[in-house]
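Presented below is the structure to which this report refers.
Order as written gives the chain letters A, B, C, D and E; numbering starts at 1 within each chain.
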Amino acid sequence: MRKCSLDTINAIFEAIAKTAKLYIPADDKDGSAVYKQWEEGVLWSNALNTVRSPKDFFFPQMETLMEFKTEGKNIEVIDTRSETEDFVIFGVRACDVKSFEVLDRVFLTEPVDSYYAARREKGVIVSTACAKPAETCFCKTFGISPEEPAGDISTWKTENEIFFKANTPKGEALLEKIAGLTEECDETAVDSQKEKIAKVMDKLPLKDLTTDGFGGGKTDEFFNHPAWDELSGSCLGCGTCTFVCPTCQCYDIKDFNTGNGVIRFRCWDSCMYSEFTKMAHGNNRLTQKERFRQRFMHKLVYYPENNEGLFSCVGCGRCLSKCPISMNIVKVMKKIGGKMSE
Amino acid sequence: MQTITKQQLLDKADSLLANGTVTAVLGWSKGEFGYDVTPKMFTTKEDLEQNFVWNDFCGVNFSKYLVSKTDRFEGKILVFLKPCDTYSFNQLLTEHRFDREKVYAVGIPCEGMVDVSKLKAATGDGISEIKEDGDNLLVTTIYEDEPATVPCRDVLLERCINCKSKKHVAYDELLGDEGEIIDSARFDEVAQIEAMTPDERFAFWQNELSRCIRCNACRDACPACTCEKCVFDNPNSGVENKAPANSFEEKMFHIIRAYHVAGRCTDCGECSRVCPQNIPLHLLNRKFIKDINEFYGEYQAGAEVGSRAPLVDYTTDDLEPGEVFDRRDMDA
Amino acid sequence: MNNQYLREELIRQSGVNPKKCMKCGKCSATCPAYDEMEYHPHQFVSMVESGDIEPLLQSESLYKCLSCFACIERCPRGVEPAKLVEAVRLSAIRKQGENRMTANDVPALLDEDTPQQLLVSAFRKYSK
Amino acid sequence: MQRVGVFVCWCGSNIAGTVDVQAVSEALKSEPGVVFSANYQYMCSQAGQDMIKEAVKEHNLTGIVVCSCSPRMHEATFRKTAAAAGINPYMVEIANIREQCSWVHKDIATGTEKAIILGKAAIAKVNLNTPLTPGESPVTKRALVIGGGIAGIQTALDIADAGFPVDIVETKPTIGGKMAQLDKTFPTLDCAACILTPKMVDVAQNEKIRIFSYSEVSEIKGFVGNFDVTIKKNARYVKEDICTGCGACVEKCPMKKVPNEFNLGMDNRSAIYIPFAQAVPKVATIDPNACNMLKNGKCGLCARVCTAGAIDYTQKDEYINEKYGAIVVATGFNPISMDKFDEFAYNQSKDVITSLEFERLTNAAGPTAGHLERPSDGKSPKTIVFVQCVGSRCDACAEKGKEYCSKICCMYTAKHAMLTRDKYPDTEVYVFYIDVRTPGKNFDEFYRRAVEEYGVKYVKGMVGKVTPEGDKLKVQASDLIANKQLHIDADLVVLAAAIEPDKSARPLATMLTASMDTNDFFTEAHPKLRPVESPTAGVFLSGACQGPKDIPETVSQAGAAASKVIGLLAKDKLTGNPCVAHSNELMCNGCSSCEKVCAYGAITYENKEFRMPDRTTKIRRVAVVNPAVCQGCGACTVACPSGAMDLNGFASNQIMAEVDAICK
Amino acid sequence: MQVNEHKPLIVAFCCNWCSYAGADLAGNNRLNYPADVKIIRVPCSCRVNPMFILRAFQRGADGVIICGCHPGDCHYTSGNYYTRRRMAALFSMLDFLGIEKERTRVEWVSAAEGAKFAATMNDFVEQVTALGENKRLEDLRCKR
């Protein structure tokens, strides 16, 4: 374990930025945060988390897959893939770190998504423990410890210092690079920080929410639950929840006709959209209720069924604060079966 | 700080349900943290008593729900409408988007709704309880022993700070006192942007619109956007897309969205309220409203049912598109 | 002073557009002070329009206008001759530096037959 | 994908001089869809057209692009060629490489490059063309004339003369209109009744013409060739087919104090009445507001004296449905109300009258049997003042008057003045005028005669005030020429009141979806070239409903409208322009935006049942375009927020394909 | 990079009845204007959807001009009145977003005004050329 004074954090950023592109959460307007590429003057935000999740770094909202160039009646296929550069994302919260595991299981199992894999390989994740979680946080529900964030490097921020612990060879290599700016230390301060965090976690309003009852094999139990009507009744069908979600991984592949050819790209899609997975015969989820149900069944039942019980939600709380009508996974879980342990 | 109480609304809903005037009530149901209310169709007294809520966070404009809900329910629906919601209500009626006969509209006064992000900026994260105390909110967080006192007027939604009307333009029944149309300063921000240089304006919007994640919340919450098939979802429209591929598409989406509601937008402010990226989308709509007012005379969409929107109307001596700028240059 | 300038100044001040006049003479037909006047309301309009303003400035007609506004009320084209007369009057007053009489002089000139309206318009005229 | 043939025309050297036509046809060969490309000296020549026809056969072409002169020149030619070759004429697109390319550019490289781009745009468009077939609709061979004045009468007679049945709907109990109230007509001074009443009789006797008097149009549906009209026949409490018009009932009716509207209230009539002696139909009508029997069941005298048994107190309003191929609007005019012109004391003195009232005063069949008497005391007026332009040309007083010139007043005032001086030479007659407008055949001569021969005193100036004083009317006016204010003691003041369209015109325009101007005059389809047609197909305009008119003008417009109607009714079928708008009902919101911008009333709405995604059904309001009425401007396509509305031949995707091709 | 080398691309939407005929007349009279102007024929100026204009800019146009009959002379009586309102609102919005207002124009050109058509196009091309390439409403994907 190494540490440094928070006063020198910008020097640390500078050192990292010399070796790779560095992205840190920076203040955006209205008290929210956004990942920005570090440069002189970009400061680490005090906000709990970014509005957009860091999944963008591995699975961007839009990326070109390939291109076709047309000349008269001739078509030429162009591979647009280019070498991904090394990059570091700094200050990732425990929930978001966990989300990469969820995405990995989708994109890194056969057939491997080479676009995703390339970025994953080049990216170093530096996580940060959460000292001040929000009321919308419920990562504990999914077994995530905000006091013990994973990632290539874990960090803890105290009043004046920041502590680093490498978890992987990638992390160790990066720590090595900033060794000159940090000093070796023991874990006492971090332990007390962890304790503090654990205490705060016990005060959270959603601390008692559990996944009991959900998981693989529960399709029949929940699929025709009468509460779906009511829950989905006010859903506007926008894609906010899916687009701010760190684990939503659905995309659409589309062609853009440039006039001189075609760009084949993929972009995020949302199961909340009426056009989602539309096929030649039409759409297999006909109403908003079915689309709504799909999203939550996927997170709470289908995904764990295929992934050894891992839920496709990390309790980051983004959808809780961003849904225009404040409908969210917590309300769904409470209504259709997630039990509150007493 | 609302002048009308939850109990008054509950009593009204109960009695109308009981006497069979309505079979369902479109109201707000309570959430987890006091501020996260969700629209809901209530059909029983019990449900209403357990879950119905009316507080400073009931910002959702119900008018749009009537388009889909009136088809789904037998009998009449009771809908509670704040003054600004009634404009959308009328506009939808003008466009024949729902059957007036299937709705029982109860106008309710509104003292302005709270912007949760502003509230959180004031109190910090970790809100566990919110209580009303006169014109203030008492906000308890898990980090402080004492609740913080936040004056409501400091954390109002932008649209409420610049409220255009406390008067209801449509209802079957009005609870509480009727208000007045307000001569608000809602166009000031538009005027400020107009006063910028083109480069500054471009930079301003480039910065704002580049944050768009194309979640469509602005469109899907907008009571003017009730198209059976939105052009952005229609592969044959030529503008369909799902993601803002580049700065052109960001701009195109927002220009077309604003243009499509120009003359129909009642300035209810839902677009800006729901934007997860806090993009001031209402400014685009207000620009159209301001222009239309200046070019063609004052027009408030939704002020009355059946009015003819300025863009589907004309006079023979309208100003020329080029004169738009001459005029502005003269004013400058 | 340049006539053209004065003409425009009068038009601007009065807000009257003499070009709208269709020369029907209804203003003069309505005017109760017609016989007292050397130049009549319709002439004011056409003379200002043609820039022939000097005779108007010299004329007693300026003060004969009662400012009863009958011409304004009756004009089918909305030309408002009385406002133009007023503008010419003001221009004359300004030149000579003082009004023809002051409001204080008015009461002395009253007699029993003076209509109320005359009183009102006299104050209107001379309190400027 | 189409199989497109490209044909590049040299137009001699017109195109080939500045455009390398060979290069153009070569370059376009490789465009998507193109299977054949050629160039030729004169594509429009027989040989050129034959070349196209052969290529169609040989290469199985489904689309044709001709790069040539303006489509305004030869689009029709090449469409015919295509049709002759067996493909749909609307599968032809023209790239204008002459007027908009070779003729405006000098450099061959530039011209060629642009011609290629224009060709690509046309190819991109034709790839998205669909075969279009003009719609056909049958024509109901019957016309409806709304309004039974001289305009309506003349139109109806002319249409009937061509052999088509015509119905006239008139709100009054008789046809005849304003002309029936007139005494003499300018500039010939022949008696209005003498020339009008024979025409009224013609109408009554013409077996092709039906008159619905005392009736109004209550509903109009349908479109050109196929109007579906409901006529409300108001109960007149007299059986029209039985009444002989003998007048016995009128004589016996005890209720004799009803103001006579035909004489503008200057005398009285009975509760049962025939407006005037030559009324057509000459049938009595009971005024339900005046008749004691109808009001309180007491009387019944008329039924007792009617030997024919025509009186029917139980008669109800009757609704008649009829189909028409064409509708002529001839709703005419009325003088405006004088109530707001206080300065002329119209409401204060009976001796201030309007010109129409003057007509009745001098009419032999009028309230004074043609003797000019003052309404107040029956004395002969010795000094008469006529005031022109009362409420006309009045743009400062929109709530009182009209900003337009009423056109007829100068002439009828000259007529009144002249006739007065003729009959009563000892009368002093003044006419106050702003301008005297006499642009008509023999009009100015007529006016000069009034001045020179009859000694009418024309005074340039306006009357400012009329004050009743004793039995005189004190008139204060301007004499602008003498630069004097005149004070005249008049016995009678006659106001030439502005005229305005009849009040029934506005609701009628709404029913017809015909457009009107701000003054409620019907708008013509084109002010110069289509002056008797409304922009709404199948609706025609006759008489003063379109703008102020005198009798000769009205009659000629009536004839013109009739000839347009005859031209329409002579067709068995109407062939439409296939380039019309159409709405995709699955996307239509029913919001009415399109309807609001449609100048032709081509868009209506219907409630249609749709199957929803969840297999329920929903009834939705959707727009339906009537292709027979739509003119294909495309205003609706842009007004439509959802993009449900599109235009055949100029579809959004076609125009965007052109944009794309040009901007490539 | 030399700015003045940029050849602008101008899309002109012309109504069939007046402006397209006016353009033809310009041709008949051999009145030159730059070949950068490409005309698209529409039945009436009111057929021009704002989407077409954005599309043109997206695809690489540097200027878009809409020509129709003079107000009051519309073949369809009122079409150009709607155009006038729509474009006034749209252009003002584009300007609000900081997009150069000189890139868009509405001009009324009658069938008799061949000279006006040519003069208008010359003027517009000059105006757009002075602005240089359209950067603020471009879609780089379409410029490869």
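Keep this in mind: contacts are C-beta pairs under 8 Å (C-beta built on N, C-alpha and C of every residue); 3 or more make two chains touch, one makes a residue touch a chain.
Everything quoted here is computed from the prediction, not taken from an experiment.
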item: Interchain contact steps from chain B to chain C (minimum; 1 if touching); value: 2
item: Contact network partition after chain A is left out of the picture; value: one piece
item: A-E or B-E - the one linked by more C-beta pairs in contact; value: B-E
item: Centroid distance [mean C-alpha coordinates] between chain C and chain A, Å; value: 81
item: Distance from chain B to chain A - Cα centre to Cα centre, in angstrom; value: 30
item: Distance from chain E to chain D - Cα centre to Cα centre, in angstrom; value: 35
item: Where chain B and chain D are represented by their mean Cα positions, the distance between them in whole Å; value: 45
item: Numbers and ranges of chain E residues touching at least 2 other chains; value: 50-51, 55, 59-60, 78, 82, 86, 141-142
item: Residues within chain B bordering two or more other chains; value: 231, 237-238, 245, 311-313
item: Of all residues in chain C, the ones touching two or more other chains; value: none
item: Contact pairs between chains, per stated definition; value: A-B, A-D, A-E, B-D, B-E, C-D, D-E
item: Touching residues (chain side chain B, partner chain A) in the complex; value: 31-33, 35-41, 60, 65, 116-118, 120-121, 124-128, 141-143, 211, 213-217, 219-221, 233, 241-245, 270, 273-274, 276-278
item: List of chain D residues in touch with chain A within their complex; value: 30-32, 613-615, 660-661, 663-664
item: Touching residues (chain side chain C, partner chain D) in the complex; value: 20, 22-31, 34-35, 40, 42-43, 70, 74-79
item: List of chain E residues in touch with chain B within their complex; value: 50-51, 54-55, 57-58, 71-72, 78, 81-82, 84-101, 104-106, 136-141
item: Touching residues (chain side chain A, partner chain D) in the complex; value: 71-73, 257, 259-260, 282-283, 286-287
